[in-house]
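Order of writing sets the chain letters: A, B, C and D. Residues in each chain are counted from 1.
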Amino acid sequence: MTITPDQIASHGLSPDEYSRILELIGREPTLTELGIFSVMWSEHCSYKSSRIHLKNFPTKGPQVLQGPGENAGIVDIGDGDAIAFKMESHNHPSYIEPYQGAATGVGGILRDVFTMGARPIANLNSLRFGEPSHPKTAHLVRGVVAGIGGYGNCVGVPTVAGEIYFDACYNGNILVNAMTVGHVRQDEIFRGFASGVGNPVIYVGSKTGRDGIHGATMASDVFDDASDEKRPTVQVGDPFTEKLLLEACIEAMKTGAIVGIQDMGAAGLTSSSFEMASRAGTGIVMDLDKVPNREPGMTAYELMLSESQERMLMVVTKGRESEILEVFEKWELDASIVGEVTNDGRMKIIHHGEAVVDLPVAPLADAAPLYDRPRQKPEWLDALNNAAPVQKTYSDWNAILLQMMGSANLCSRAWVYEQYDQSVGANTVTLPGSDSAVVRVDGTKKAVATAVDCNSRYCYLDPYWGGAHTLAECARNVSCSGALPLAATDCLNFGNPERPEIMWQFERAVAGVSDACRELNVPIVSGNVSLYNESVGSAIYPTPTIGVVGLLKDVSRHVTSHFQKKGDVVILLGGNELSLGGSEFAWVMEKRVAGRPPVLDLKLEKNVQALLREWIAQGKLLSAHDVSDGGIAVALAECCFKNELGAQIELKFDDPMMGLFGEGGSRIIITCERDSVTKLFDHAKKMGVPALPVGIVGGTHLKIGKSINVEVAALKHEWSNGFSNVVGKE
Amino acid sequence: MLAKVYVTLKQGVLDPQGKAVGHALGTLGFKEVEDVRIGKYIEVTLPDLPKDKAEARVKEMCEGLLANTVIESYRIEL
Amino acid sequence: MLAKVYVTLKQGVLDPQGKAVGHALGTLGFKEVEDVRIGKYIEVTLPDLPKDKAEARVKEMCEGLLANTVIESYRIEL
Amino acid sequence: MKVGVITFPASNCDQDCVSAVKRMGASVVSLWHRDASVQDVDAVIIPGGFSYGDYLRCGAMAAHSPIMAAVKQFAAKGGRVLGICNGFQILTESGLLPGVLMRNAHLKFVCRTVAVKIVNTQTAVTSRYKSGQILQMPVAHMEGNYFADATTLATLKKNNQIVFQYADGQNPNGAIDNIAGICNEARNVVGLMPHPERVCDPLLGGTDGVELFKALLQ
């Protein structure tokens, strides 16, 4: 059999890459081997376009126990406890089949975390859809949200935070990024190493079917109109099996017989076996006849490339197999010894007694192609930056605020998060609806605070500063609950990397995120890259989603974003030059994205967050809410809703549009008791952090200077009902 | 008139529900069960229409809502 | 052999899913839809058995697990 | 006091119930779905979750497990049984409680805190509340839409078997007569959709569930 140029192309391999394969193995590959190369060298698995830039991320720090390179990153939270977390995309599958695509996305990220030995304690997600009026949007939103809930709820992991935004740039390419946070004792961390020559390799979990064969290469294909018709074998999630797999794996880990373990994610059996052998510098010999399958007549190619869900691969101490098999029997899951660790650094796969694969492990896993793709600043960007962010003039500020509160990107997300079990596990201290979720670490007085963020309009107008803003805002959200941001995970969603302007956006965004990470002391410990997010030739906005995890040493000292009681003093902490470039105001009023995003002073940001945390830890604050999209008017309104408390705010500004709706980093609305005000201001002054007393909580209305005077109930009504404009009335 | 619609998962698509039910039947003593697949059976009541018209209409309903044609097939009986 | 089982809600039992789907069909422009009822269509694969034996066995499965006879009826086809 | 908490495949509120019970100072016996006995416990809790993935019908497969045969015997002798959420579904599927929990009227999963009224204080879990008292408890389910035919409903009312009702305007799932929880005639078996075990700790936004567990342990 000879490999044809067509086969090479349909496997997404370039002629150069194919020559490289020939050179590496010194012969023509079998079809199965070609399939293996194609998935291992796909963008999704090899990061061939992104890797050289990802090196810029700071990844170290005394708190980091595991940085990028494993299934999830891990940070130290003291007392022998640690937190494992990661974020991952499932964009393309979710566009094709929103429910199953999103569900299996959640399943995949859960496995990445529990394969490290961590019990998942929280799920988050970051979603991007097209315009609310686009004919596909409502259907996609309904399916994706139901799918995320359907999976996470069944597994019993609370979904505690997330974000959802709408913009025309996602009309033909939605984003579904899912994140899981897990708790693990530091001496019980597992890693994906196939160590110990002679140790058996065990396959556990669901049987293998013909699901999603070529999923990994699909994720690296540009969508075109025809793919609406393309109906690849969609993977269906089985959260029931996932829950059993989770419990069985954690129980099996307790036996002490497991040497290494890894989930089968994209590229299934292929990537898990190659990655485990590669990390350990070993080889594996595997017999595919031993792999549990659910369809007769599966070929070696199909068995190696299937993306059936809810499966894991583990290496076990020789002689102790039965202890592991017993655990899986108890949980009524398949488990089968499929191979053994070898010392020759080769992957040998046997099917029906014949050797169908014999490849060197290291070149496949480590020496995948690496591209420094050309980069060029888009020629349209300067003109866009120099254009006016807003074109019309405005005056009726009350009406505008009402309209803003009910708009798709600012209105209440209750429709979404009420479909998620937010409190299973009985540890969710702060539910969705505040700046970050707070989840107690069971049996301790510690808690983690976590949030996801991305301002993709800023990233579009300026990928560097947009990236920096995104990281800063995410960390700020975590600080707003009182927690110290420890580390971040990311999911870099971009267009086609073969286009220089996309690669430029990528490089700039990574640089911006990296610099903000350094300044704020928040290293990146895990992440994921999703490229080729384009439809009919146009790319999404650069969307480098960030998830931050922070630590509250004493969970009793935390606050939420909601005003607490009448008479409390409202203070604006921090502050910066404001801008309407890329603002929500410009978008709501004019559907316009132009100008420059606000400047960000990272030193100031750091000091503002530090001071905020110090005050919360001392119990001096009653609430804290960061001012982000929509500016201060929107942020103040949000503070009012939960407890239905108004406020009287005396803000002075020359230009109400900028003053009310201008955006800028490093701003936080806090409240405190009247008698702590003087001390706080003295302290802020000493620390060089701007702080401005701006008003008092109370009354039925939100009043802001001379410009705004609206009933809180009216604002809340718009805000509560806004989402029905996206998904329709119930 | 009554249109009957049978919605089943396409060949090769995992049926977690059928799998779990098959397993449960086994533990309940029905060891002979080899496989279980679970689909939907939908009855749609319509005003009387010529058969071909009705069929076309119900087909539209299937494509639009009743079946998820990415993973499911359907069959209509009138 | 393949046993087909149709499980439907008994007359008078609320069918929230059918109701919601009927409503959704209406808003999608299928105004003629008068009623929708949603049941299950279950395929059980068995080794070949004499028909009456198979029928008796599948009936047991229905009574035991596949249908909740308080609210559902079932019909078996072999 | 010893309380048995059952774990089925994909139960996921079992540990939450264990914590709640321990908080009240009672000891816990973990029961496995394949156990044939409830041992020497004083009460049994059937926790929430997605036993068997909620496949086929919620609670259907769990209702046929060996442990449920033991629970039936235990209940028949007057033992106290509390089913929460999926546990309530399992109780109706196994015939220990009448009626059925159908798909929510809006067909979506719903998780939110709702106001729940105590209707009957003469049961194994409500003896420490006042009649008409309102509790704030979260619900989290896809199938909580309680339904019973007219005869059954009349019997429930006649025997005062409706234990919990959603407060007016708070019904999250379309349940008939706002029913959130019921008991059997003997009042020793109670099922409810809301999650009292999630409101036993002031840190988690409420303690309205505390008295329910205390009553169960009395």
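In the analysis below, contacts are C-beta pairs under 8 Å (C-beta built on N, C-alpha and C of every residue); 3 or more make two chains touch, one makes a residue touch a chain.
Just so it is clear, the structure is predicted and the values come from calculations on it, not from any experiment.
J.: Figure out the least number of contact steps between subunit A and subunit C, where 1 means they touch directly.
T.: Step count on the best path from subunit A to subunit C: 2.
J.: Count the touching C-beta pairs: is C-D or B-D ahead?
T.: If we tally the contacting C-beta pairs, C-D comes out ahead.
J.: Could you put a whole-Å number on the gap between the CA centroids of subunit B and subunit C?
T.: From the centre of subunit B to the centre of subunit C is 10 Å.
J.: When the C-alpha atoms of subunit C and subunit D are each averaged to a single point, how far apart are the two points in Å?
T.: Roughly 28 Å, centre to centre.
J.: Suppose each chain is reduced to the average of its Cα coordinates; what separation in Å results between subunit B and subunit D?
T.: The mean C-alpha positions of subunit B and subunit D differ by 33 Å.
J.: For subunit A and subunit D, let me know how many angstrom lie between their CA-based centres, rounded off.
T.: 35
J.: Find every residue in subunit C that makes contact with two or more other chains and list them.
T.: Answer for subunit C, listing residues that touch two or more other chains: 40, 64-66.
J.: Can you list every residue of subunit A that touches 2 or more other chains, as numbers and ranges?
T.: Those would be 238, 240-241, 332.
J.: Touching two or more other chains, which residues of subunit D qualify?
T.: Residue numbers touching two or more other chains: 52-53, 55-56, 61, 64, 106.
J.: Chain adjacency by touch: line, ring, star, complete or other shape?
T.: other
J.: Under the touch definition given earlier, write down the residues of subunit B that touch subunit A in their complex.
T.: Touch residues, subunit B against subunit A: 9, 12-16, 19-20, 23, 68-71.
J.: Over in the complex, which subunit B residues touch subunit D? Could you list them?
T.: Touch residues, subunit B against subunit D: 16-17, 20-21, 24, 28, 38.
J.: Okay, in this complex, where on subunit C does subunit B touch?
T.: 6-8, 18, 21, 24-25, 28, 30, 32-47, 49, 57, 60-61, 64-66
J.: Can you name the residues of subunit A that touch subunit B in the complex?
T.: 96-97, 99-100, 206, 209-211, 231, 233-238, 240-241, 294-295, 308-309, 332
J.: Going by the contact rule at the top, pick out the subunit D residues touching subunit B in the complex.
T.: 52-53, 55-56, 61, 64
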